[in-house]
Every structure is written in C-alpha cells, then in structure tokens.
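Working notes for the structure below.
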C-alpha cells in the first residue's frame, strides 16, 4: 500500500512541531532569517507555483539532469533511469527537486510521474526546468514549482544522470535532506542543520511582523514599529499573549 | 456575411475527424510524437495563453514583422500594410501567427484587429511579441498566445513586411498551412504533411497515458505501466474498449 | 490622522477631471498618444500587475536603490534610510516608484511598508525588482506592479540611496511628479507637462477605437473603420453623441 | 574568369566618389548622420570584426536562415540551397549579409564559401550568427563581421530559406542594395536612397571632428570647439583648406 | 619529478597516431563529423581561447562547482577541497574541465593552480566560468578556454564539490576521459568511444575541404567542388596523393 | 595650461606610495582582499580593456546617464549637459566612471571627449555602455574599459543626468572618490576609506603568490605552498628579502 499524504511523518530533521511552525511562516521570513545568519542564496529565483494558494513543505530528494548527448542515451536514458529511480524511491514527506540547468526549452516531468511521486507520499516537486501536461499536473494534490511549461519531453535538452546527490536548482545548492518550503512568493530551502533554530526564530519574527502590520494598518508611522523599538516591545509582548 | 466560428470548416489538411482527435490530445503528447519522428523544434517556447482553460486549433496564416527603419515607413507601414492584409484575408479555421523577433518591448496586435480576425473566422492568434489592450483581447472568443503584454504600438520596434511566407515564431519555423494546436502548456505546430499520422498516434498515446495514470493513481509502481510493458498491454487493451 | 485613499485629492498636475479621463482609457491608448508625440519610452516593460482587474493612477514619488556594497551599509541602510523616508513622506495620490536595476534576485518592498504607503494615501507601487510577501501585498487595497516575487530582503542586492530624484525604472526615466497609470497590460508614465493634452486626446482616441471595435464586431472590414476614414467620420460623430 | 576585388566597380548606388568618401569616415559618424535624420536603427549591434584594422564597403546581398525543422531539410537544405545560391550569385562589390536570428549556437558560413564569395568579388560578409573555421576565414582578404565563432554547421540551428529578400540582421532591417560600411567599431548600413547625402555630410562632419580633436588635443576646452560654435567656424574653415 | 608536457603520453583513448590526426583538423570539422553521427551538442558554446594561435588536445579531467552556500563552506571549501584535488591528481595529457554554471561573475582558477596543472603535465584548461590573473595565465604554456575574466575568487559564486564525475560545461555533457580538442574557433569534445573513427573521418574531410578550397580559390564555382561530386572525386584522389 | 598626466599628483586618498603599491598588484589580488573583508561586489563584471597591456589607476569622477525621454532633451541634453560638465571638470588623477545601465546598444563617449578628459589629466575612462570611434579612442594614451563598441551616439538610449553622485556601473556602486584600478582582467574599485590597508595587504599577498607560483613552477605540490603553510613561511620570508 502506498503511504498516504495525510498520514505521513515528515522525515528528519522535520518534526510535527517544526512542520507546524514552518507552515505558519512566509518563505520571505525564512529567507530573511537565513540572510541574518550570512546565508544569502536559498531562494529558488525565477520559479513560480503552478497554482495560487499552495504551500509546500518537505525534505529534498534530489534528481540531476545533464545536457543531452545522443551517444549516451543507451547508458543514461533507458530502463530504470535516474528520473524513474527518483519517483520510485521517493518517500513520504519528501520533495522531488530537479536540476535542469534553468532550461526553458524542455519538459522535465509530466502528470504520470508527478502522480506517482504523490502516490508515494511526496509532498512537492521543484524543477528549474519546465513541466509538461501542466493542466493535469496542476489538478494533482501536490504543490509544484516550475520555471515555465513546455510540451517537449526531457530528452529534447536533458539526460537524467543521478539521484540523491548535491544539485544546483535555480542557482541554489540543494543537499539531499535539506528542508524545502514554498508559498506564493516561490520556494526556498533551509539547511537541515539549521531548521530548528530558523523555524523558531522565523515564527517569532512572523508574529512581530504581524503586530507591526497591525499598527501600521491602524495608521501609525512605521518608525519604532517596524522593526519594533525597545520602547514598543512591551506593547508587542502583551499583544503576543493574545495571539 | 462574415463566417461564423461555429460553422467553420477547417481548411485542409484538417478534417472534422482530425480536428476531433486533435482537440482531445495535449500539446505535450503531440510534441512528443514529433520528437519520436526526429522533429525537435515545434513548440513555441516562452509563449503563454492569454487566459486559462483555452484550446486552439487551426492552420497557420503567417505575418512577418521586421525591425523598424524609419525611412521605410512610407513603404511598409502605411495603408494596406501587411498587418492589415493579414487580418483582412485570414479565412475560417486559420490561426494568425506573427513573427516579431521575440521582442518584449512593443505590441504586435490589439483588440480591434484581433476582433476582425475573429469575425472572419480565425480560430487563434500566436505572437512571439506582445499584445496591447490585453484585457479587451482576453475577453474575445479567440485563443491568443503571447510573450507578454505591452502598451506600445508595433511601430516602436517593428514594421509589417509580408504575409503568407515562412516565418520564425518563438524560434519555430512556421510554413503557411501548418497545423497549430494550443492548450495550457502553450502552443505548437504539426507539419501539414504529418498531421494525419501524428493526430492518430497521439490519440492512441493519450489513451495509453490515461491508463498509465489511472494505474499509478491507484498506487501501482510506474514500472511496467508507464510506458506500458508487453505484459501489461492486454490489460490496457481491455480497458481501452471501455473508454 | 492618516489621509484616506477615498478622500484623496490627487496632487498636481492631476485634477479630478483628468483623473476621471485617465481612469477611462487604456495604458495602450496613452502609450500610443505619447508615441505620436515622438516619446517612445514610457511603458514599464516587463512589469506585471500583482492581481487581475486592477487600475492605478497617481503621481510619481521616486526611490532609488543602488548595488549592495557592504562597507556602505552603515551609511545607507541603517535608521531612517531612503526606503523608510520614501514611505514615511509619501503623500495622498502618489505612487511609489522604485529603481532596483531590474534585478529578479531580491525583494524591494514587503507587506508592512506597502501597508504604510497605503495608509498614507499612496495609490500604487511600481518596482522593477521583486516583491516579498506577495500574497499579503496582493490582499492590500493598493495596486502593485512588479517584475516577480522573491523572498530575500533588499539587502541581498541593494542599498537604498535616495528619494525624490530622477530614476530609471524598468528602462523608463521617471521624474518625480510624472503621472503614472496602470491597467492589465502593465503600467506607464505620462510626463507631467503633457498630462492634460494626452488625457484628452487619449479619451477621444478611446472612443474612436470603441466605435471601430463595434463596427468590426458587427462584421465590417477594418478598412476605413480603423482608423476612421474621412468618409466614416460623420457616422462616428453621431454615434459619439450617444455614448 | 572571376572578377577581382581590385578591379571592381561597386554596384549602384555606390560610385567611386562615394566609395572614397565612405572609406574616409567612421561608422560612428555615419550612424550619427542617420540618427540626425531620425533613423535610429542601422548599426549591427553585437557584431565584431574578425580581425583588427579592417574596413568594409559594399552593397547588401541578403541571405535568410530560418530555424531548423528536420522535416523540411529535403526541401530547404539539399542541392542548390539558398546559402549556395547566395555565394554563387553574389557580384563584385556586394556584401553577403546573413540573418541567423542572433544565434550563438551554430556556424553560418565557413572558409570555403567565404572564399567563393571573395573570388566572385564580394567585399565582405556580415552574419549575426557564428563563423566556422574562423582562423582560415580570418586569413582571407575579405572583411567579416560576426557574433562569435562556433564549430557546428548551420544545420544545428538553421535552414537556409531565401536570398535577395529583406532580412533582420543583428536587429537591423536590411534591404537588398543597402550600402554596408564597417570599421573597428563594427558594421552598419546606409539606406540606398540616402547614401549620397549621408556620405557627403559625414565627410564634412569627420573633418569638423578632426579639427575639434586637434583643438582639444592642444589643450583647449571642448566648449565652443565640439561642436564648433559660430564664433570658431571661420577658424575651422581656414584649417579645412589646409587638409 | 613532474612529467614534462613534451614527453607526455596521452592517456587512452588517445594514441600518438590519433593525436597527430587530431592536431591536424579543425574543431569545426570534428564537430561536423559528430553532427553526421547525430550527436549535436559537443562544442563549448561561448568559450574563447585566452590567446591567439593555440591548439589544445587531451582527455577530460572533470571538476564540478556548485552555487555558494555559506553554511557549507566548512565542508566543501576548506583544506584539500575538490579544486585542489583536481590539480593535484591531474595527469599528463589531461585537460581540466570545470563546470561553473556559465557564471560570468567570479573567477574559477588563477595562475598558481593553472601552473600546477601544467607542471603535472596537463595539456589544457576549459572553464565555463571566468579566469583570474588572466595576463599571467595567458603567459603559461598551456591553452586555456574561458567565458571571460574576473577578479573575484571562486567563493563569490561557487563551492568546489567533486572531481571525476560527469559535468555540464558550457551546456555540454562531459564524461571523464572524453577527448577535448581546441583551436581558434573554441573547444569541443569527442566521446571517448568514437575518437578513433571520428579522427580518421575528420582527417579525410579536412583534406577534401582543402581541395575544395583550392579549387574555389582558383576561381571555380563551388558547385560540384564543395562537397566533391562523384565526377570530381577522381581529380581529388589524384591531388590527395600529392599532399 | 592643461595639467600633464606625467606630472599629476593623484587626488586623495591616493598617495605616491599607495599608487606605487597599487600599480604592482593585480585587480584579482585587490578583489580578493575586499572579499576577505566581506565586500563582495567591487569588480566591474563584463567590462573589457580597449587594448592589451594597459593599467589604470585613479579616483572616481562619476557621470550618470538615464534612459532617453525625448520630452526631456531640452532639459538634459542641450548645452553644458552633464556629459560635458564631467569632462570639463575632471581633474588630474581622476577616472571618468559612467553609468549607462549596461546598454550594449549605444555609444557613451567618443574620441574628442576622451581626449579632453586626457588633456585635463584624467587617468582613465570606465563605461558600462559602449565606446564610439573605438579605434581612435584606443590610440589615446588613456586606459578605457567598456562593454563593447557601438556607432550610435548616446542619445539613442541615454540622456546625461548628473555628475559627482553615487552611480551603479556594471553592477557596482561607485562613490565619487573611490579608487579605481584596472589591468587585463578588467577594472574594479577600492572604497576610499580602505585603500591604505587594502593596498598594503594586497602587495604582501602578491609577493606571497609570487613565491607560491615559483615553487609550483619548480614542480612542487601546491599543498603547503599555496596558501603558504606555517611550516613554509620562514622559507618565504627569506625569499621575500631577496625581492
């Protein structure tokens, strides 16, 4: 029996508590937390959600494509190739992250294999290339982030090389097991070793920003309010207890 | 009296039967069929549908723009210029396909001439440049594929040169009379001479993919199922008779 | 008390009459009017509305970002930096226009400061960079035009330098006080000194185009109708009195 | 017997007198003269000379490439294809100008056909694609302008379509018979109808600039000297008689 | 003692005979031979030789860079990192081929490590990123192909990940051991398994092209001569015996 | 009398001692020193020297161009415009640094005004746009760095706006008075406040790299030698006294 998405346990380093925290914060807040720690390059620039209103969370299962070389098709494309191995070994709570060298000129995954990943419990797909059959893929209960859509199969530009290795996706180095988060801004990663502290600090930051927003929406100046000055902090702390 | 879209007969090589087949398959399936035949470059990379849920089908009526040269405006822009001739000679079942050198910096068609093409029975517009008045164009009952939207008229970048000649649209060579198909992935062409065999093979492929999808959705491995192995083919054949 | 958007008076050179005229014409019509006057470069190429169905009108309040240089953060980023000064001094009827060198790799504004601008009566935001927290920003009652979305804060790429100076936004020179208009095609500017004549001529052009569209929709050839020939002008003039 | 380059008569509209004038002025001066006449787009942006110190002059013989479509190779590539027809019909004093859609990914001409064009009296080659065998081509006594070099044959990206038609080369509309000029800045065209007046005005401008340069080199301010003020014009006129 | 370049034996699959053949043919001829075999993507598009007149030959030693992630510097950058391992394990007759994701914004190698590779017998460097200290590197007796020059160290954009794995360099899939050839057009690879037949066929092609060139240089039409028609083949065969 | 280049005193913060140090180190070494201090973005990516073998040193005199807007030509282009003011107020030891938004489509300076800058003692020109009359400019005794060459005057794309303000040149924030250095790799800046320590540390680094290079050239492993290990440092210190 295939694991159901609802019943999943996220793989480490995610816990139910961290997952709940992460589902409540914006990718912008998480990205800012990493910037504060001197880690500048974690947001998948240029990738967009396949539909509005989706959120993504899981750990990275990586898949690497390399440029097409026709003489290597017998070696790399046929049979249980890396693309196939990726979707047949992905586990519940994992996100399939594909390196396709940002190519806008070929598909990298379609509806059948996306469905297979979903059926195995995958909680998302990130590709820096294109999606084929995007209407069908968009109907699946799995969040997908992509560069654009294209009708061509992956072999127009790519050969699948390997899985479970470090990859460069949309200019970001992804290590297997990194935590992937997505919302309407796009998707990004949190290094596995930092997910606990980043999730907690981001949740606190999100609350602070909510208070700042409420003050500004009420007509106050942003000065002293965003970020919260020492003078206003007690006010925020009181408000926080009501949330 | 202007031909109505509903009453149209598609021009050759389309027949009612082929049109029905083609309306039932994804551009991704058609593109893959052409790739199998060694024809790699038929999908209009980078063009997007002006609205969700549209499908396009027709034969190519071509229009070529060249870079603006102010000294040639009296020759190429005035009066019954090529853009005008294109929309005034387009016939029922044709798709206006515009070469605009992928420029994101100027419009290539707006609402009035799109309406005129529609009124003459055109079944679509493809431009590798921009659309002006995109809100109004999007309300018309004609599918449009475009690079992006822009307020400037075509003369910011272009002069209309000629119609009914081979063109390069979004990096694809389009011959007048080629069959154009569009869905949510984007739009692509089928060489006129191949439309019959490609439509039939694509329809069969689409069915096979539907079966594969249903098996994977039911929790099966994709191995042996996508593509369908010899062992599973009989099962598919039975299922096919029920569709 | 913060000025409310509904009660605003647009700053000069906008008047209530001009605002009404401008709200009734497409950016494509306005851009074409400026092209007729030999002004080619007024449309913000590549920027898209954050949501469908929005219109924007106001006068430009400019904000200039320059490339990040870490040694200058103490000078340019801290305290009442230029970004902060921009949103805290923006006035009712103004549009915040941000120069971010077309970078797709960092945010330039998020929900709190967008809310602050809105609370002060700003009628729009234009950035040639990215927006953070785009879901929250999209819920605000303020039209926003952007290149794309990104989770990183501005300091990934930018330092805020100055306000109320000429800027280059999406390849367009914007002077403080220029009139900014946006619709679904995108956004553009009208030089302050030309707004009166351009608004009036565009309104007339919009009416003419509406008549042309109605004739073409009724099945007429576009010849003589778009643009309106001398022979058809009387017919248009009669129709115009009925609008 | 093949016409020799030295013995050539340039085809109309070039005359020996105009050719001498044009060989004495910079492409920058010619481009500026066309800008003064409101013609903005005549310089082949992004193309570089294959070697230092070359000058090019001739009239345009055009060749159009379109994107590769494998099903059309039997029609467009074989036998006396358009590329072949171009070099076998080029005449003394003509420049072969190739439209290759600015592709950096394939060759468009190599040493044998460049030699053939030279042997027939061609005075230059302009391609907005790549040159193969660039070392051998660079040794020929024919000036060549190119985007870059590439080992692949044209069929990697292109099919030759037609000759002696208007083309878009490096973003410039080239009509057969336009005058082409090249120096170290790059190459550009002069519309055939304007070559007489542009050549004469450019020659005068070149002289004026030479005087301005001499004054500035002597330590004078550029004010009043570049451009030459009315007060300094007599001085220039005297100097001019000495040149 | 470090192996000297002159005394090297190329590693398999190169032999002295193949090396001599390959040193006598243009990369354009080799690329065309691979295209004939249906292998389209072997030329390193966009890379240029660091100096004129160089030729490169050797087998690929690969080095993969991935995008900078500051939290992984302690893992990937320090000590005997992959860049260091590459130059300290490269062998005589090998070419260091670097994947740097085509970044123009950081160096990938400088003079000291290029010198070390040369001292170990390396016969070339290919990087799809930039070279630092390019003047010093250009003085070394080792051919280098690069995208451009840049002063920043690799850590501005990159972390060194691994060696001796398949890489994507300038859009080409490079397998360790592939044969790399460079001349003034640029550089390309020959799949190891094909080097024998490709070298021999290319040498024959080069001779044929030389005969064609000589005929065209003598004033003949290219028809029947390039490619050589059956009627002219005997003439070529005679000429060939004189070479 | 115009100041002569030879007699110049560099303006602060340059001293004769610092100038001598800086003329002896590579831009790659200086860029690396700034990277060590956390300043990542100081190299003018994509700009190339106009000729081989040049070095540039001076302090930044800035000039800002903005996008052409025809209605503002009477305000910004005529008379003593910003471009003119820049070359007429530049002082001995200064480098003219031009922001032209990286446009490859228009010139930004030509031979006469480059000569004027040189005559006033300027020691270089940096433009992220194009140079006109590049052959003549290249003959001047002034180092120039540029994106490429183009025949069009600046008004094809630009209006000169202002001088002596912070600018973004080739993606780098330049403050008036920053120190500019150029060699064959390209050009970069040193923040004025850091020039003393960076020059000294770079000079020491350059010496260390020279020793490392000499060791590696002699056949040693790079390990322990580059960078110099504690164990080898005494050896370097002895060698250093001989330089």
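A, B, C, D, E and F label the chains in the order they appear, each numbered from 1.
Here, a residue touches a chain if its C-beta (ideal position, glycine included) is under 8 Å from a C-beta of that chain, and two chains touch if they have at least 3 such contacts.
For clarity, every value in this text was computed on a predicted model and none was experimentally measured.
With chains reduced to the mean position of their C-alpha atoms, the one farthest from subunit C is E.
Averaging C-alpha coordinates per chain places the centre of subunit A 51 Å away from that of subunit D. One inter-chain figure worth recording: subunit B and subunit D are separated by 37 Å, centre to centre, where each centre is the mean of the chain's CA atoms.
Counting only residues that touch two or more partner chains, subunit E has 40. Here the chains touching each other pair up as A-B, A-C, A-E, B-C, B-D, C-F, D-E, D-F, E-F. Touching subunit D in their complex are the following residues of subunit B: 37-42, 66-72, 101, 159, 161, 166-168, 171-173, 175, 191, 193-194. For subunit D in complex with subunit E, the residues that touch the partner chain are 1-2, 80, 84, 87-88, 104-105, 107, 110-113, 115-116, 119, 131-136, 138, 148-153, 155-156.
Residue ranges of subunit B in contact with subunit A, taken from their complex: 26-28, 30-32, 35, 40, 43, 45-46, 48, 183-186, 188, 209, 212-213, 216-217, 219, 221-223, 226.
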